[in-house]
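Here come two complexes built around chain A, the first alongside chain B, the second alongside chain C.
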Partner chain A sequence: MKNEATNILTVDNLKLHYSSAKGFFSKKEIVKAVDDISFNLLEGETLGIVGESGSGKSSICRLVLNLISKSSGKITWFDKDLDTFNKKQMKEFRRKVQIIFQDPYGSLDPRMTIGSIIKEPLDIFNKKFLKKEKEKIITELMNDVGLSNELFNRYPHELSGGQCQRVGIARAIINKPSVLICDEPVSALDLSIQAQILDLLKNLKNKYSLTLVFVSHDLSVIKSICDNVIVLRSGKIVENREVNDLFRNPENEYTKKLISSVPSPIPLKR
Partner chain B sequence: MIKFITKRLLIAIPTLLIIIAFGFIMMRVAPGGPFTNERALPPEIERNIQEAYNLNKPLYEQFFIYIKNLSVGDFGPSFKYKDFTVNELIISGLPVSATLGLSSIIISLFLGSFLGIIAAVKRNTYFDYSVMSVSLVGICVPSFVMAPILSLFFGLYLGILPTSGWNGGSILNLILPITALSLPQIAVISRMMRASTIEVLNSNFIRTARSKGLKSSYIIRKHVIRASILPIIEYLAPASAGLMTGSIIVEQIFGLPGIGRYFVVGALQRDYTLVSGVMILYASLLIILILITDILRAYLDPRVKI
Partner chain C sequence: MRLLKKTDNLEMSYSLKGRSLWVDARRRLFQNKAAVISLFILIFISIISVFGPFFIQYGFSDTDWSSIYQPPSLENGHYLGTDGNGRDLLVRILHGGRLSLSIGVIATFVSVFIGVIYGTIAGFFGGKLDTFMMRVVEILYAMPYLIFVIILMVVFGRNIYFLFIAIGAVEWLTMARIVRGQTISLKEKEFIETSRALGQSNTLIIIKHIIPNLAGPIIVYITLMVPSVIILESFLSFLGLGVQEPLTSWGVLISEGSREMETAWWLLIFPGSFMVITLASLNFIGDGLRDAIDPKEY
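On to the complex of A and B.
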């Protein structure tokens, strides 16, 4: 069924290398944060990216969004190379592809109210909207993500982590993007809030027909939300398969280890 | 807000009293007095002078007389500038020093933070390197070197600006001293601003702003400056208190009738009342500026509660 969907984002041989010297006299070492990665993103799917810390998950997200520059490789958005985009096209791309960050609190400007944080993307992309229309859109959106409207004039430090992440989600989807990249959106939250946010993302995906890229180090989270999964290890793709298939018969040793390391709700008897 | 300000001003009163008492004791402990001369005065004359200035009374009594006069705004007569009260000296000199100091602090704030922000945005480019190396020179060259050079070059060689004098506060006369006062401040502020801007640019919420699709000029204006200006604001309070009460070096070189020299001259000549007067002025100015800083900080950062 997935084969018929349109391919909206293609990543070819993406690389991100840092050179770092450990000491003043020592030789420079090349750190391969992302090493020769290729994958496709199909419309409407939820693509999971899983891997341990430092495996390059977040780097891939930022590279795809052009928030950091790549060392080499090619990213294509609807058959157009991202490198050839001019400023206007880049702005439109940023509108279409949005991201939710891992750190819900630090990702919000501490000097802005919740209302203005959510409103800001609306201000720059839809200048023609009247103030009242904007307020209506924001109020509806805040309801959609489960934020009370009383929070409109509050500051991020007055909110809980889960509420901050909801603000992050609201500001990401306010301009109706087609792709939403979730860079470990729940890893900083406790388990009950995690479940709420995951539910919220699933609902929003249906309501706004989003394509999700879901990054996590937690396989149980991936299993609950994703269609396809990419398993990463030190910047390289280990496996890229359909999710149930992957959990049923993992091919790679590393994947097996990851799956067996998921804590089970029923403790094993010794 | 009003409660906060009143509270802070009430706290300022005991602070000032301690400063006054400390200054009073320090000056009296220092050897010599305002009327100690190389040639000893006849005892009768000395006694008369001592009596006129209440110097023959016990210290605590002198202190209470001084505080009593202060409470009605009287700083007392100057011991060395005959026929002048300290009030008159400050009133005639403060406008000069304050004009210079205020203009130079405003100029350095704008120019310094502007240069610092651009250097941070274009970091590790030639613009950054040149601004930072010039500002290093600005910090290293002291004003007693910079001021004569400016005066010599623009006043004597080019002859376009007057070398010295107040001239009723005409703008031409102000340019050189303000420049001499501002250069080191611009240097310090631009370096501080560069460092704090770089830090803010690397923070997570700026990444969010970029991913929203905002233009970088907009991000700088709306998100970065408000955060990166904070350390500058903190620095500004003591710096402007210092600048507004005058710099003896710049005022002497450019022949300006400010109050900067009273700090040094008053202390050297044991002019008790004059030193106390300018010290109280400086302390009150500093207290007020720090209060303003705290209010500004709460305005710039909603996490700070006042």
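On to the complex of A and C.
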């Protein structure tokens, strides 16, 4: 990094182990979903996490957000250990760190209108706002993420996948978080929509000065949006480097394999 | 031109409003003929049960010693005949309908209320709490519930309001199990996880997200539970543990009618038909609702 950026989030020796018994009498087997992972998240960067399915990408997201409890390790938010947070601090942390999930339909409550879905975070944190103020904030935000205001009273099942993902993004950024974790936000969408959503994320990152954690299994997506990349394999970090550097001269065998498996737009040149 | 404008407006308001899953479900329900007919029959029976007795010249407990065991006739005003005490059967059936239907509805709501709260808490929080709560349900399940109700009735006395509670307290077990199962599958959904990530409290997640999404299966189950409650009440009344004279319910009427069916067939046939028609309608409505509220979603 050229100039010293502040370190917002530090993860030290994070582990998530499950024990699973295959049969009633057989020995317990330990599954290491996340195994001894450490990384820093700098303010304003876009950190990519890439790896095959089952490599622990989503688990890391959920661990960082404290949605599942870790086996061991330490997560630090602005020099404060997450484990020491009380209820109020935890709530404030939740406000500052937001997540978008992979399944655009699954992350929206099918019984709620788009407006009330986006409003939910406002109801949690800004109870004193009047109904009209809230509506104004929501409609402005809907424009920001490229949703027509006509959709305000619609239901998720009436929207396309791309629109639903935009709703998810709007809900995540309505309380002006500083970190947005994107857990495979474009994997369920088709290519043209993927590009639109990626552009949207880039714009929002600038507009709201967000720090992004971008999880994907798709290296070309990672390359287009990230500054630094963590390559994961079966719960362990394989490489953690600057993105162009990684693509130019990958050190690890696994990374090389991953990069060479990206389909090139001009196949002959490969 | 004017017409065109009108349709334009219609389309606009349509696009602005959006179709909720409930609107969709209602439309599908009204396409189901059996369910719609059953709904009308049920409404009709409820209305005549509530208001019918006011328009009949006989009271439900008026005895008329000059007309005992009168068969149905249009001439003397006893359209469905009279019983051994000379009481008009029609007014007794309608009056009994009030009781049977209200027991069905109230006891069902008691059990839904307990079952939903119990089931969502067990399913949502999981772990040891869930294990403990479900073992309690299983133990209660293992007790023969009829004996359970009978013991309750004997200990606390034969109060009609207590009958509501006793039946509801027994029927909630199934409700709790269904709700728990649905809650477990629901809480794995990403929108619940998102809501937690947003900082929403557990109580509000249950109220705002879990229960509205459970409403479909709950409503379906309610329509299937009302008949079983009515039957349970009839059975308790049949055993002499339910409603007491001169009050009556369909169960009591059928029980009395069955004793005298060789001499006075109408005392069994008419209350029986009312009950069968009501139960069949409720079941058809339940089936219709199950189809209407898309099962794929759950």
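Assorted remarks:
Here, the second predicted complex is superposed on the first by the 264 of 270 C-alpha atoms of A that agree within 3 Å, B and C clash if a C-alpha of one lies under 4 Å from a C-alpha of the other, contacts with A are read in each partner's own complex, and residues count from 1 in each chain.
Here is the rule we use: contacts are C-beta pairs under 8 Å (C-beta built on N, C-alpha and C of every residue); 3 or more make two chains touch, one makes a residue touch a chain.
Since this is a predicted model, take the numbers as computed values, not measurements.
After superposition onto chain A, the modelled positions of chain B and chain C overlap sterically. Ranked by how many residues of chain A each touches, chain B and chain C are led by C.
Of the two partner chains placed by the overlay, chain B and chain C both lie in contact with A:110.
Of the two partner chains, neither chain B nor chain C is touched by A:129. After overlaying the two complexes on the shared chain, residue contacts for A:101 are found with chain B and with chain C alike.
Once chain A of one complex is fitted onto chain A of the other, the partner contacts of A:39 are absent, as it touches neither chain B nor chain C.
When the shared chain is aligned, no partner comes close enough to touch A:85: not chain B, not chain C. In the superposition on chain A, A:150 makes contact with chain C only, not with chain B.
Comparing which residues of chain A touch chain B with which touch chain C, the overlap comprises 62, 65, 67, 91, 94-95, 98-99, 101, 103, 106-112, 120-121, 124-125, 155, 157, 168, 171. On the side of chain A, the complex with chain B involves touching residues 62, 65, 67, 91, 94-95, 98-99, 101, 103, 106-112, 120-121, 124-125, 155, 157, 168, 171. Taken in their complex, chain A has these residues touching chain C: 62, 65, 67, 90-91, 94-95, 98-99, 101-103, 106-113, 120-121, 124-125, 150-155, 157-158, 168, 171.
Remark: chain C residues 15-21, 189-191, 193-200, 208-209, 212-213, 215, 297 touch chain A in the complex. On chain B, the positions that touch chain A within their shared complex are 203-205, 207-215, 218, 222-223, 226-227, 300-303.
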